[in-house]
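Each of the next two complexes has chain A plus one more chain, namely chain B in the first and chain C in the second.
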Partner chain A sequence: MANHLHDFLIHLGDNALILGHRLSELTSHGPVLEQDMAMTNIALDLVGQTRNIFQVAAKLQGNGATEDSIAYTRDATSYKNILLVEQKNGDFAKTVLRQFFYDAFNYHAYQRLLKSSNKDIAAIAEKAIKEITYHLKWSAEWVIRLGDGTEESNSRINAAIDDLWPYTEEMFKFTDYELACHDEGIFPDIHGIKAEWDEEVKNIFAEATLTVPEDGWMHDGGKRGVHSEHLGFLLAEMQFLQRAYPGQQW
Partner chain B sequence: MEKNLNDIFQAKIDREEKIEPKDWMPDAYRKTLIRQISQHAHSEIVGMLPEGNWITRAPTLRRKVALMAKVQDEAGHGLYLYSACETLGIDRDTLFEQLHSGKAKYSSIFNYPTLSWADIGSIGWLVDGAAIMNQVPLCRCSYGPYARAMVRVCKEESFHQRQGFEILLNLSKGSDEQKAMLQESVNRWWWPAMMMFGPSDADSPNTQQSMQWKIKRFTNDELRQKFVDICYEQAKILNVTLPDPDIKWNEERGHYDFGEINWDEFWQVVKGNGPCNKERIAARKTAWEEGAWVREAAVAHANKRAARKTKKVA
Partner chain C sequence: MVITKEHIYDILEKVQDPEVPVLSIIDLGVVRDVVLAEEGVEIIITPTYTGCPAMDMIEVGIKSTLQDHGVEKVKITTVLSPAWTTDWLSESGKEKLRGYGIAPPQGAAKSKRALFSEESGIICPQCNSTNTEMISQFGSTACKAQYKCLDCEEPFDYFKCH
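Let's look at the complex of A and B:
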């Protein structure tokens, strides 16, 4: 089994699953009905992407693995999502900003995956890119609204920037499995993503009257399975039925 | 004059023509519709909560996606219904205030808790099943905007009902633990679902007027009977027992007889003493209050943008 390809798929799927799960926690608790639906919509897309990705990973893994065995029977140390996506929802400003940082990365990453030498990944990207384009539009618009809205919304989004900025660098700190995929053309031109992300953030922040922070200390570890405390609780909840009643059909 | 208008109005209804927002209508018709449509919209929104509970614990990715889509559909139903209600001259914010203050009601069924995964199936099968029974005739309701909203709602509801039944069917073919989970859930949901049709006809003072106005097409008891007849057969497929020892086929009536509903429980839940009344309203109020600054920011930003545009044009 090509380990780096499998690890990369798990990483991609985990990012989508954990962020989708976080957003799904907000279903029926949104600040206004239309945005409740928008966030659930993004959650639906992300979990849908997870399924497509894990189905490919399961095939690669063999031994009866399924999308669900991958999602529901791994402990936190086997999860390879970035730390950013497992951060708690916080207030709407934090939810929106976490989404924007991720979407801006994801958009440029999936533009590259469209050209992946791996046909399965290219096909997944083809479908996902339409969704991700919409996600980025939604989250960027909300960053602008909150930044250039009221004094309160501006101060809340600034607090969110303080909280989340230290989690952004991890997206561009490529692991061995990402670099190996890069070398094989599975994930082409990864080194160009950072500049595009910076540009995206700079432009949206300018429109939102927000300041891009100076780079300081940055957290990482998620991609290697070293997570924040939050992930264990998230998994305990998500995996409850599969753990309490192992091996059942649902 | 008033009498004449009333006659014209009723004649229109009798000819099965739709009443539209700009048409003249008696105040009582307007009030009845605002009460009923808003109650219906609130039920959709509050109904998202008990099911939303299990989104984060859904057992498979496929189930998780399906449940999210379902709860999202309910938010959509809430939106169409609030819009239909707004055509009667009341705005969404006022309707929310009425929900939060307890002035407006919503379906009591959502004051019951979801305690197991099987409850997600039971809500689909029994609660959505009962809702469809109530709602299909509303597609022919005399008030145009409500009738049109209901056509869309009913299409999605019948999909939800099948989805719920499928969850249960799956459990019925599963392990002993899953079968027990299924039966336990049906035991808890059967009677509250039966109560969804409202009080018996004898205790339902508004029914007759609503039937004359063709807002309502069947009485509460007629719909409840239809529900029992259908569910009894479906329960056989699921291999579950409905928790009513008095259910039996009545050859003469051509229907199933069934036991007495606990109306005391029904009225207690309506009055706010159900297991989750307080939590449900608190969750709605929290979402609304914590969202206030977001809504204000959106308005403030839209105003700034509009001002900049005007300045540019000038």
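Let's look at the complex of A and C:
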């Protein structure tokens, strides 16, 4: 089915689901216990947000669709998440920076979704924004600690910036379905997000003694279903159980 | 027997939060309304945190407890708005938390955007000292942060304002 609201819900849900899955890969592998728990908690919030979003998408889709069928039975080209969230965890600096770029975007995007003309989306945003605020606080603090930390931590987060900066522009390259949602007030004032995100990054990087890079060549495609090779591997693991044993439940 | 709303609330007092079993779901503030209709009883609940795995167990707990008390036809509806807040935690719930060794939320929930800010002056549930500090804003469940007491030196969970 082609429908801008449905596409937008899938995009929102996929962002949260794929990043939630990436963070869950670190459960019991975190650098220290407290941060392992922090990343696991954030993963849980993101997967919870995904469930709320996919429940609305499933209702719209009809034909027996469920949150699970949407999460587990689509192929990579049907996923509409931004490329940033499917990037591999790398070291802790890369995990933290990926989270910060996403949280800063999400925080300002969900502030707008609070005022969505779609009641379901506004309710999800009202619930999610409190959690996203915690996430942004955590990731921003760690960007500062690592940037303004030791020589080693500074060099690692600089390497992460080199890796991830080319994935940031995609957040602000709005697709037809986002623009159609914007026109209907489902996703209000999207063109104001970039300036707020830039400001957020500028301030945190300044505190972290990091330099905001110049824009160079930028990746995009994820929101249209054109993904990096990483997503296929991620889905192979995430979807394994439902593919091998369709309909299995706890 | 005529079922009243109060009767249903009394029964729901017996349904525990699976993660913090000293709290009932009424103490926790997740029950938003009870609607009596011809077809049965509708219980309207709201999740604490979106990913809270306890919510599924809470639904099962509501249904089975009501059935044990002869209320057979139960429908559960989940609403997201208004979003749950620790401001809805009952006073008796806060007392029960303290008795259980978890520091209850202090003050009203508000958005905390400030970096490196933490809720200070949290009272240690073991020795009542306010000389405590945060270890991590994330704890063993979504609703808790980890603190430690600088006087008795015990770590403890803080049910954080949300």
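One rule holds in what follows: the second predicted complex is superposed on the first by the 244 of 250 C-alpha atoms of A that agree within 3 Å, B and C clash if a C-alpha of one lies under 4 Å from a C-alpha of the other, contacts with A are read in each partner's own complex, and residues count from 1 in each chain.
By our rule, a residue touches a chain if its C-beta (ideal position, glycine included) is under 8 Å from a C-beta of that chain, and two chains touch if they have at least 3 such contacts.
Just so it is clear, the structure is predicted and the values come from calculations on it, not from any experiment.
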Which partner reaches more residues of chain A (counting touched residues only), chain B or chain C: B
First, second, both or neither for A:47, with chain B first and chain C second: both
First (chain B), second (chain C), both or neither touched by A:21: first
Partner chain(s) touched by A:170 [first = chain B, second = chain C, both, neither]: neither
Which superposed partner A:242 touches (first chain B, second chain C, both, neither): first
First, second, both or neither for A:150, with chain B first and chain C second: first
First (chain B), second (chain C), both or neither touched by A:133: second
Contacts of A:37 with chain B and chain C, given as first, second, both or neither: both
First (chain B), second (chain C), both or neither touched by A:123: second
Chain B versus chain C as contact partner of A:103, first or second or both or neither: neither
Chain A positions touched by chain B in one structure and by chain C in the second: 34-35, 37, 40-41, 44, 47-48, 51, 144
Chain B residues within the chain A interface of the complex: 45, 48-49, 52, 55-65, 68-69, 71-72, 75-76, 78-79, 82, 117, 167, 170, 173-175, 177-178, 283, 286-287, 290-298, 300-301, 304
In the complex with chain B, residue positions of chain A that touch it: 17, 21, 24-25, 27-37, 40-41, 43-44, 47-48, 50-51, 54, 67-68, 71-72, 91-92, 144-146, 148-150, 152-153, 156, 237-238, 240-242, 245, 248-250
Partner chain C, residues of chain A touching it in the complex: 34-35, 37-38, 40-42, 44-49, 51-52, 122-124, 126-128, 130-131, 133-134, 136-138, 140-141, 144, 207
Partner chain A, residues of chain C touching it in the complex: 47, 49-53, 79-84, 111-113, 115-117, 135-140, 142, 146, 162
